[in-house]
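So, here's a batch of structures to check.
In the two complexes below, chain A is the common chain; its partner is chain B in one and chain C in the other.
Coming up: the complex of A and B.
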């Protein structure tokens, strides 16, 4: 079962000098675009966190800052979602993908200027979009709130990135195409298709209302499933074997996982509209596809688990591995939860409640964001040429966000289930259903404070790294000494 | 998998299938409704919105009402929407044929608004509620939309559209609170939300 056809990534031990110098050259070639995308990602993470806290506090105390239309709940909430989805997660994902593609194509990054302009356009697009939402131009179409003048710029930016990616793939060194590359290639094809279709049909030239819901959630679910998920999985498939210095457990499981994800994930969207005004077969198709998601999820989980098995001790010393494995485990959790939530009986409880909000955070934060942190801890020292200044800051970052996100998902899940059960019972007045959620929403704000603190620590760590604070280190910054027998995650 | 062409073809084909099923099909099947004309009464259903209500729909979108309020009444067996009196019948695709965008919603921090115009037909109630939600509905966590209103000095007589407000939100002596055009439009839209007319595909029970 444990086929070892996968050549890249392999052990970092005893590399020939040629490889070493090629990798150093590749890493250096990615410096400007990667640091630009990562830097803007971290900026938007802080902005998005600020909006999240505002929105959360407003649910605890609706009178909080209610005198300005710019900061009303119905605007800061979509400002939060779009700042973290397009500003943070997408930029972090693009930055990671650029580096991974250059490494996996085994060729230095070409046309960095194209990517620099893409990064500038992307940031202008997100900035205009957030401004538009706050100023009252938001579209109130979930995941697609940006007004047309912002989404058009984002699309142009993404077009530049896609063109760049095609060029990179043409110049790749011949040889095996690693599993991470399949996912990255798919994400780069799927996202512009998704984004343009949904924006054209919903925002530029609006189709009739009944059809909008289907297109909206085809987009909303696929943005997670066919944009963030492939990038997250590509990153995990690269980092886990790389840090441990051993190949992926099974090549065949990775093939199965990839194709079943491609076939089934794209059909999931309608499970957000169970019971809504749609033909039964559409909803049923999505419910069935959600069940079928067990195949790629369990396949990937087994593949990752078997790769790490016997080496869980490495989580003690490797920041990259600790964040990435946390994320990979939460991918399994979030996906299993998502499939269960599509079962109509369970959906009738969780639909329209805060449980769904908890689920989104399990997916986009506990899975995707944690893996992006892992990638940044691995990639940044290599492209900047400086090790992380402080292991203590990384440790604080990990525990603040890990505890924060677990707390958030737990309290939103409990509050959501109580809310959902109350909503199902017509004997309970509507106002009473609200009372079931209030204490949990209060605790949610508490979890948000932990996450905010974690983000500030991370941003600080990033700035210190860019400023090259401290004295040069020969060894990577680890949580603990890794012991004699372990392969090293060297900065090459 | 070392054949780039196979990978790319697979990536296209798998996604194209879902594009057919969840984008092209709904557009053809649910995106080309005509209004239903009731031959007995001559009513056009769903009724078109007034110009003011249409503007109100945009205010609804820009204020982000959908993040707490849905507009869909589900069939029996899917939640207690009908038992709660949120509508006389389940909503169907034709109900949304004029909506751009359609506010189906995915969250119920607040109640469903598919038929709020039937439940609360009073213009004054809506203005009072938008200005001071917790006074009108104790326990509500809806934010105040007072930024859609103006407090002005009373010149001679009170303005005809001045809002009756209770303490603690009442304006100081000699002042009155009047809705802006956007507030008037939003309330006109909310009152227009009444889908209790029968359609052939979803008759009233």
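Coming up: the complex of A and C.
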């Protein structure tokens, strides 16, 4: 089945040769690996949230649960970071990528067993890593705290997924490569390299002195920019047009955005070392590259905004769109904020304060995590063959996490700026600067409670969907898989 | 840091940097940068064409602007243009 629609009087476009039975087959083929990765992602989200709450409460009351070495701040805080970064965000990102790859290659997913073993390795790696950190085996290198025995296992898993992605791409249906696929391939192929190089240079055979800082932040920033960001943007570039039934506003800009991200992002890491004992030219190059990031960020912002423009009312009707557009807007905010924070004058205030923590949550939560929620709301009914059981739970989830994250970013930003200004004032003692942060950290714990409640609601929704609670609903997301094309019931 | 390690790192740099440059070159030669606006239509197909929304809250079906088969007016106008 193929057809043409007329775009302009002179040119016609061949629509892809996909009918609804093939699309349902593609969706069904991704079921086991996607549900496995999503399930483990949600499990680690809850674990990571628990560590986050512990760490946050310790900010209000440092003596809270400190009688056990396992639960001291120095271990709980990295356990939180790694549980949400590798356990939640990466697993959710991989699950979404698998489904997107199959759809964009227009072919059923191959080698599901390879992906299942990758998921098993992944979970073993994260479990061992978190255990290692809590047991006191962690490395004091941000983003790479996992001990070697855990990171080696994670690398195997990354490697399997990268090989799978190349095989899938090789067997794709011919035709144009959609912008999302560029982003996904880049993320999946670059990340194993980033991860292995940084681990080799820092944990397995350590390089000397100041160069460690360079490798640390080359990795730390690229994990965000060349792993999470491309997956999040790939998802937004697919879901926003797909949900609205409206092509991307300017496809040219989206391609420009991808290649400029590829060129500029990997230079950015050294802006974390402004003012550090470190070659000034490297920092300066990074600050310049941070400014260049305005190009991919503005192109993406224009594109997403102009695609939704005129249809903002649809946010009321589509859970996927609501989460995804929230995430896409926060991508612009987080990126512009990040570039501005690289300006040395502003950096002198915000560096080493809670402002940075707020920025991290704006990026990894308000942008990436919200888009992953949107993706899960779109993908899971299609791969499982069952509608989300309760629209009310979805609304609760959205408002709890949206209000929670906005509150967290706002209070940490205000508290961080006050803290930064106090730190710069020689009249104020260091202990007194901490007093400035107290009320804001208290409010931050409050925002954490909202987020925790949202995560529990979401996990409940997910379990109810897997258990296929309720009567079968034919509307509104399962249009394509009704009747004879309906996928087989889930078997895990 | 031994010699093998440096060699490994240099090889990684060449391979991964090279892949990116090669991908860009291939994309340009393959015509991936031509007819860009038409490329943006590849995610749509006959069953889910331009103008048809594909997601809604489970309790909103049939009532709202995202009803199955009822195109968002604005999108349809653009698709026809």
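Rule of thumb we're sticking to: the second predicted complex is superposed on the first by the 458 of 492 C-alpha atoms of A that agree within 3 Å, B and C clash if a C-alpha of one lies under 4 Å from a C-alpha of the other, contacts with A are read in each partner's own complex, and residues count from 1 in each chain.
Basically, contacts are C-beta pairs under 8 Å (C-beta built on N, C-alpha and C of every residue); 3 or more make two chains touch, one makes a residue touch a chain.
Since the structure is predicted, the reported quantities are computational estimates derived from the model, not experimental observations.
Aligning the shared chain A places chain B and chain C in steric conflict. Once the two complexes are laid over each other on the shared chain, residue contacts for A:245 go to chain C alone; chain B is not touched.
Of the two partner chains, neither chain B nor chain C is touched by A:155. In the superposition on chain A, A:294 contacts neither chain B nor chain C.
Contacts of A:430 after superposition on the shared chain: chain B is touched, whereas chain C is not.
Contacts of A:278 after superposition: chain B is touched, whereas chain C is not reached.
In the superposed model, A:176 makes contact with both chain B and chain C.
Of the two partner chains, neither chain B nor chain C is touched by A:131.
In the overlay built on the shared chain, the residue A:213 is in contact with chain B alone; chain C does not reach it.
In the superposed model, A:387 lies in contact with chain C only, and not with chain B.
Clashing C-alpha atoms between chain B and chain C appear in just one of the listed stretches 4-12, 76-84, 94-102 or 112-120, and that stretch is 4-12. Residues common to the contacts of chain A with chain B and with chain C across the two structures: 175-177, 185-186, 189-190, 193, 197, 201, 207-208, 255, 259, 262. Considering their complex, residues 1-2, 4, 7-8, 10-12, 14-15, 17-19, 21-23, 25-27, 29-33, 60-68, 70, 72, 74-75, 77-80, 83-84, 90-109, 111, 133-134, 137-148 of chain B touch chain A. Per the touch definition, chain C reaches chain A in the complex via residues 1-2, 5, 8-9, 12, 16, 19-20, 23-24, 27, 32-33, 35-62, 64-68, 71-72, 74-75, 78-79. By the touch criterion stated above, chain A contacts chain C in their complex at residues 1-3, 5, 7, 11, 13, 15-20, 23, 103-104, 175-179, 185-186, 189-190, 193, 196-197, 200-201, 205, 207-208, 238, 241-248, 250-252, 254-255, 259, 262, 310-311, 313-314, 316-321, 377-378, 387-391, 394-395, 473, 475-477, 479-480.
Here chain A touches chain B in the complex through residues 58-59, 62-63, 66-69, 72-75, 77-78, 136-142, 169, 175-177, 182, 185-186, 189-190, 193, 197, 201-202, 206-216, 218, 222, 226, 255, 259, 262-263, 266-267, 269-270, 272-279, 282, 285-286, 344, 348, 351-354, 356-357, 423-426, 430-431, 433-435, 437-438, going by the rule given at the top.
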